[in-house]
Amino acid sequence: MKALLINGPNLNMLGQREESVYGSTTLNEIEKSCVQHAKSLNIALDCYQSNHEGDIIETIHQAKENYEAILINAGAFTHTSVAIHDALRIFEGKIVEIHMSNTYARESFRHKSFISPVATGILCGFGERTYLLALDALCEERK
Amino acid sequence: MKALLINGPNLNMLGQREESVYGSTTLNEIEKSCVQHAKSLNIALDCYQSNHEGDIIETIHQAKENYEAILINAGAFTHTSVAIHDALRIFEGKIVEIHMSNTYARESFRHKSFISPVATGILCGFGERTYLLALDALCEERK
Amino acid sequence: MKALLINGPNLNMLGQREESVYGSTTLNEIEKSCVQHAKSLNIALDCYQSNHEGDIIETIHQAKENYEAILINAGAFTHTSVAIHDALRIFEGKIVEIHMSNTYARESFRHKSFISPVATGILCGFGERTYLLALDALCEERK
Amino acid sequence: MKALLINGPNLNMLGQREESVYGSTTLNEIEKSCVQHAKSLNIALDCYQSNHEGDIIETIHQAKENYEAILINAGAFTHTSVAIHDALRIFEGKIVEIHMSNTYARESFRHKSFISPVATGILCGFGERTYLLALDALCEERK
Amino acid sequence: MKALLINGPNLNMLGQREESVYGSTTLNEIEKSCVQHAKSLNIALDCYQSNHEGDIIETIHQAKENYEAILINAGAFTHTSVAIHDALRIFEGKIVEIHMSNTYARESFRHKSFISPVATGILCGFGERTYLLALDALCEERK
Amino acid sequence: MKALLINGPNLNMLGQREESVYGSTTLNEIEKSCVQHAKSLNIALDCYQSNHEGDIIETIHQAKENYEAILINAGAFTHTSVAIHDALRIFEGKIVEIHMSNTYARESFRHKSFISPVATGILCGFGERTYLLALDALCEERK
Amino acid sequence: MKALLINGPNLNMLGQREESVYGSTTLNEIEKSCVQHAKSLNIALDCYQSNHEGDIIETIHQAKENYEAILINAGAFTHTSVAIHDALRIFEGKIVEIHMSNTYARESFRHKSFISPVATGILCGFGERTYLLALDALCEERK
Amino acid sequence: MKALLINGPNLNMLGQREESVYGSTTLNEIEKSCVQHAKSLNIALDCYQSNHEGDIIETIHQAKENYEAILINAGAFTHTSVAIHDALRIFEGKIVEIHMSNTYARESFRHKSFISPVATGILCGFGERTYLLALDALCEERK
Amino acid sequence: MKALLINGPNLNMLGQREESVYGSTTLNEIEKSCVQHAKSLNIALDCYQSNHEGDIIETIHQAKENYEAILINAGAFTHTSVAIHDALRIFEGKIVEIHMSNTYARESFRHKSFISPVATGILCGFGERTYLLALDALCEERK
Amino acid sequence: MKALLINGPNLNMLGQREESVYGSTTLNEIEKSCVQHAKSLNIALDCYQSNHEGDIIETIHQAKENYEAILINAGAFTHTSVAIHDALRIFEGKIVEIHMSNTYARESFRHKSFISPVATGILCGFGERTYLLALDALCEERK
Amino acid sequence: MKALLINGPNLNMLGQREESVYGSTTLNEIEKSCVQHAKSLNIALDCYQSNHEGDIIETIHQAKENYEAILINAGAFTHTSVAIHDALRIFEGKIVEIHMSNTYARESFRHKSFISPVATGILCGFGERTYLLALDALCEERK
Amino acid sequence: MKALLINGPNLNMLGQREESVYGSTTLNEIEKSCVQHAKSLNIALDCYQSNHEGDIIETIHQAKENYEAILINAGAFTHTSVAIHDALRIFEGKIVEIHMSNTYARESFRHKSFISPVATGILCGFGERTYLLALDALCEERK
């Protein structure tokens, strides 16, 4: 199984960003753990991060051909991007929505997700481990 | 580590309830898988289900003494019970919120959760496997 | 045909409760009239009242096996209980919603019904006779 | 007792209109059944249908002199006509509101009724039989 | 100066309608007083009443040619008719909005007026005398 | 009959204030016309203007003893002052609400009036003549 | 192909109505252009205008038998008429919604359309040419 | 005078619950102080606590016969229970609403009370002493 | 302990104001009872009433130096005055909010209080006795 | 006349995207038809697609110099981009808004368009033909 | 150039008011700095503070004659006073709105300003320096 | 001190964009004035403009290392970009929000700012001079 992990805006700053909310691990470290964990689950995982809505949209378009699943932490775009919502509707594989923090316990403008209505499942609030759990979730879905 | 799995109203009907949404496994079977999986993660898991808001509240009160974590699928009470919200605020351990279906892709009255603001993390949409993932999530939290 | 009449919170107080709204007949008298009228329509009617949301939920669960129809005046739970809504969705027979008073002519918090979206039909505003009409309605449905 | 049955816009198309919602019986057939059933209840029933708000208003005005009760399925005017609401307030007899479909389980713009606040009682969701039940309801009111 | 008095739905029932709100004078009597009073103000007043939105619209269209002012009590159409609003926008003379009762002290659905944004001035709450005051107001406008 | 005319904030600036909306007559001139017109109607009229909510409240309190009617253009306080609303509720005579401009055709924050629910009647949009019409209206009320 | 063009309230006043918004062509001239243009597209077009909601409803009912398509500029009824919405749902052919002005750039009460949810397509803002474009659109639909 | 003190969900946890908000005194200690204080006011006070909405409803029903007053801290049910609201409407004695914390200074979902509209008076924000003040309040009511 | 009792707009009219809501005791009598009762509680109480928002603000400013507590019935300013809210935030002693009537059982514009978020505690609905209870409440706070 | 056709996010996926909504023609094919059709209308049409909001903004900036008209299907950006709205306000030529599907019959978050207030006209719901109709519309505008 | 600095309610308490928000400088000191700074910019600045809405309104009225600009920190009246909004509309010079704190980062009831729609420009969040910057801004406006 | 000036979408069009709102100076000219003015204040200012949300986000990320302050006019992104809000939260220096026009006096969708909650201070409405004032403001902050 081939899967793609997409991280949205500001997530490249992990480790340098509000540590109390997001922890001190960098995105690079998280991606490495994910690839490794994915391997142990027999999933070939590629990783992608962008702060550009358009690039994320196009990455999702291309994923249509090459991947059976997308794991996505769309960051702030979660709450504003109808365009990513539409891109994900075109994708035909599994979609897992990830948030490191518990977005439902934060500002009310973070309670609305345009990803959720097109996601298979959602995980949030477990910090960097949320990514690994998402892989586990995906893995189960495959069975 | 001792943890308590609480299932709320109508979840005793799993297996007999809208199969397309909830699958055909019974709650009893899910609880068995959970206990077994918990054991493998070195968690002693007890299971409890009730259709009574008051009983769930009191079970949470008692959990304060005996458990380090609560996993809770509060069913429909998720969306209406300020009282369970308050009970969970008294509990001092980890709280993991579980939903088998993707509640954010259903009726709008299911988009509001009174559990989320007091939860450590949330998982939803992975069917019966959501429970096992929640145990994994909890397990990671422990480390 | 077997049918179950469920009365929700405060309806046990009929006859002692705001007479100008609810009349002076007691629930017991209404239930007797209903059983008798049901008999004349060839319906075996059982009656149940509870002030406990959980008990009503479980009564609906059990009705799944034993009854082809539920007549329900959920009282105040009509406006607040997503859990009873969910329980009724599991029930596969006919569901008739009853209100003695015209709830749409009262406080705005009584205008929202969680029962209506899962009901076959609704009757309200005819006082204690609403129950008998509901049986007639049910009887017609059967044909 | 003299009663008047008023049917509002589009109800003349019954039998030719969304059969899954409204069934295949024509309005003429329904009116015939109603007159017959009314007779058996000792009610002299006249029937009127119009797609014109103004005509319905004037029919209600005239009913003031000649009828002791109005049965009304105001169709789409239910949700928009303050003028029919006002006309019904002038009428001094009983008013029974009828809907063949369960309007509370349809689009949200059908959840608001300007008829309900001035109705004695409401029946909805029992298809063409809703009319006959309304006559029964009225008949009971008379006693 | 030629002016047209338009009365909307249910106002033909004045004298027979909720006396405590609308008094016991009939529309005919009010129109007579108005014509007489208008005469004394040197205004040639014609009167028109209809329960039909379409007829009121067309009467306003025709008024464009023949009248310099419209006095209108649109009754319940005040709160719902964008079409009458549009018709009045085509009319180029003075427009005086009249309500016998204080609509702002009644149900909230009577607080919105589609007539007000296109009216020169508004009078409400003085019972049948509101009409005479409206003529006075119009008369002053003329100067 | 003794009546009191109360003008609220900024109305002392009439004649110097947005001429296109309020005309060029000063408040003093308006008050003079009003006293004169009142006299002709056999009403003894006193005039009062204040930009101070508290002073208007106390003037209304004192009016309770000395006047049978209040005519009030509360200016901007119309839309914000619950305290003037309460003061007017204590007054037992007639209350006529006046606005020179058509407030319902202006910004939405001018559509809410705290005076209207306690007013006998309302006049707006006839410029300075609105005051004279209000006296006429009051005069009729007296009969 | 037979098609029916329906124009709603106030559109008979075209040419005499707010020229800056609606231009100076009369409805009669527009209808003539439409019939001619339709002919060139091999469409037999009939034209109908009414200021009466009820007449429009009945015209739509009759269209069911005789026409394969309806082009409708419902004017102000667009924003208020659930009854026309319902009538159009009964019609089984193509439905094209037309507005001469860009209603979405005007008052907010013109942003809601009850026609749109039942329309095949919508055109607005091209003045009188919107009608001809609608015929082109319809023509394409036929292919 | 006989009075009943009802405490709702989670109040049995007083002393173990968010001390900064609710203090360290237990419910048992509060109830004892209340009984004692009541005695000194010549009130025979019984105390009841439940986490079950249904039990609270039935306790209120029974109070109808035996008590002249109810003091109620409905906890989280304050904000959600229409059923307790209805039960209190049946009770004919005095009703005093109590909150230890200032609910109006907390989350917005705690600003709505279904108890307040049926209460004689309300006290909140004085911690455990709120109960004693409520007894004083009741005592005064009796005179 | 020195405390200041502030009464807001219209409260000087007590005894002459809607007796059914506010009783027949005058403010002067209430203030006298309060001073006396305060004395018995060892509180030196000063009393102040104003219908002027600005005066109340300045009285609160001066209280900062001279009083350890403020008891305030801000009347209608409760619902509109952000400025009094701000003034009370500057005051560092105890603040007790008082309402003689149960404001939560009245018009919805009385349900919002700008005093509550800065108050220590709130009492409402016990008529003139509410003042005495507030003193008791304050007295307890002191301990 | 020179015109520019701008297609927004996800429209490059036409032909591979939800066929039931968007048909099977690719964007490339649509653009070809458009260029050809434009030629026949004597319009020199250039085509541009981007998934990047910033690129679309800059393309609109440059169009200011080179084109007399823009045809734009902004896809999901229609509903979220104030920045494209602002860019279009700078453009001085004609603007035609295009949607292949009837956006007003889909999710409510697609009912708001930031393009409409700055568009000359709008076409939606005619699938790929909507583009050709837009050219026709534009062509007429030119005359 | 002559300018007037107006400070609204509670600003006389600067230096004694929530130091973390407003700093420790007194209003008197701020006014002195402002006068001095204004002098250096060739502006004759007068200063005025009031806690009385009415006094601020009248000060603005008088400013019409004597000043070319108003700098105003209306404090809490910013969010509630339509009357000051109206007074400022009468003033014909420049108007600069000042807030020491960032009101948009505080409670939501501070996000609405009735001053902003009539202001030339707005400055907020720079503490006491905001006043000096406002003078600079004004100075530039003059050029 | 090193500071970065960021201008968002469409601001590169200054001088060519709605002159009545934004003046005729180009962005290049504004930036030059800013750099010069900054120099005189001993601030090393770099300037950056982009129409791409992603580029602005990344520029803010990089600013974290190299600048002590950001001045930002985010243009239309002000009202829609949660992602820029998040990026600014990561930046640890001073943040000054700039708008040339008074956004609070324009369309309501421009009243919401996602920049304000993370800004130190805000300036708007002084045209191109707003930038220079922002530098002054920043300069003061530094002291």
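Think of it as A, B, C, D, E, F, G, H, I, J, K and L in the order they're written, each chain with its own count starting at 1.
Basically, a residue touches a chain if its C-beta (ideal position, glycine included) is under 8 Å from a C-beta of that chain, and two chains touch if they have at least 3 such contacts.
Owing to the predicted nature of the structure, the values given are computational and were not obtained by experimental measurement.
**Student:** Compute the shortest path length in steps from subunit E to subunit J over the network of touching chains.
**Tutor:** Contact-graph shortest path, subunit E to subunit J, evaluates to 2.
**Student:** Expressed in steps between touching chains, what is the minimal separation of subunit B and subunit E?
**Tutor:** Tracing touching chains, the least step count from subunit B to subunit E comes to 3.
**Student:** Which one of B-H, D-G or G-J makes the same contacts as A-B, at least in over half of the residue pairs?
**Tutor:** From the options B-H, D-G or G-J, the copy of A-B is G-J.
**Student:** What is the distance, in whole Å, between the centres of subunit C and subunit E, each centre taken as the mean of its C-alpha atoms?
**Tutor:** 48
**Student:** Could you tell me the distance, in whole angstrom, between the mean C-alpha positions of subunit E and subunit G?
**Tutor:** 31
**Student:** Going by the touch rule set out above, which residues of subunit H reach two or more other chains?
**Tutor:** As it turns out, subunit H has residues touching two or more other chains at 52-55, 80.
**Student:** Let me know each pair of chains that touch one another.
**Tutor:** Listed in label order, the chain pairs in contact are A-B, A-J, A-L, B-C, B-H, C-D, C-H, D-E, D-G, E-F, E-G, F-I, F-K, G-J, H-I, I-K, J-L, K-L.
**Student:** Once bound in the complex, which stretches of subunit E touch subunit G?
**Tutor:** Spelled out, the residues of subunit E in touch with subunit G are 52-55, 57-58, 61, 64, 80-83, 85-87, 89-90, 114.
**Student:** In the complex of these two chains, what residues of subunit L are touching subunit J?
**Tutor:** So the residues of subunit L in touch with subunit J come to 8-10, 12-13, 16-18, 50-55, 75-77, 79-80, 109-110.
**Student:** Under the touch definition given earlier, write down the residues of subunit L that touch subunit K in their complex.
**Tutor:** Answer in residue numbers: 102, 104-105, 113, 116-126, 129-130, 132-133, 136-137, 140-141.
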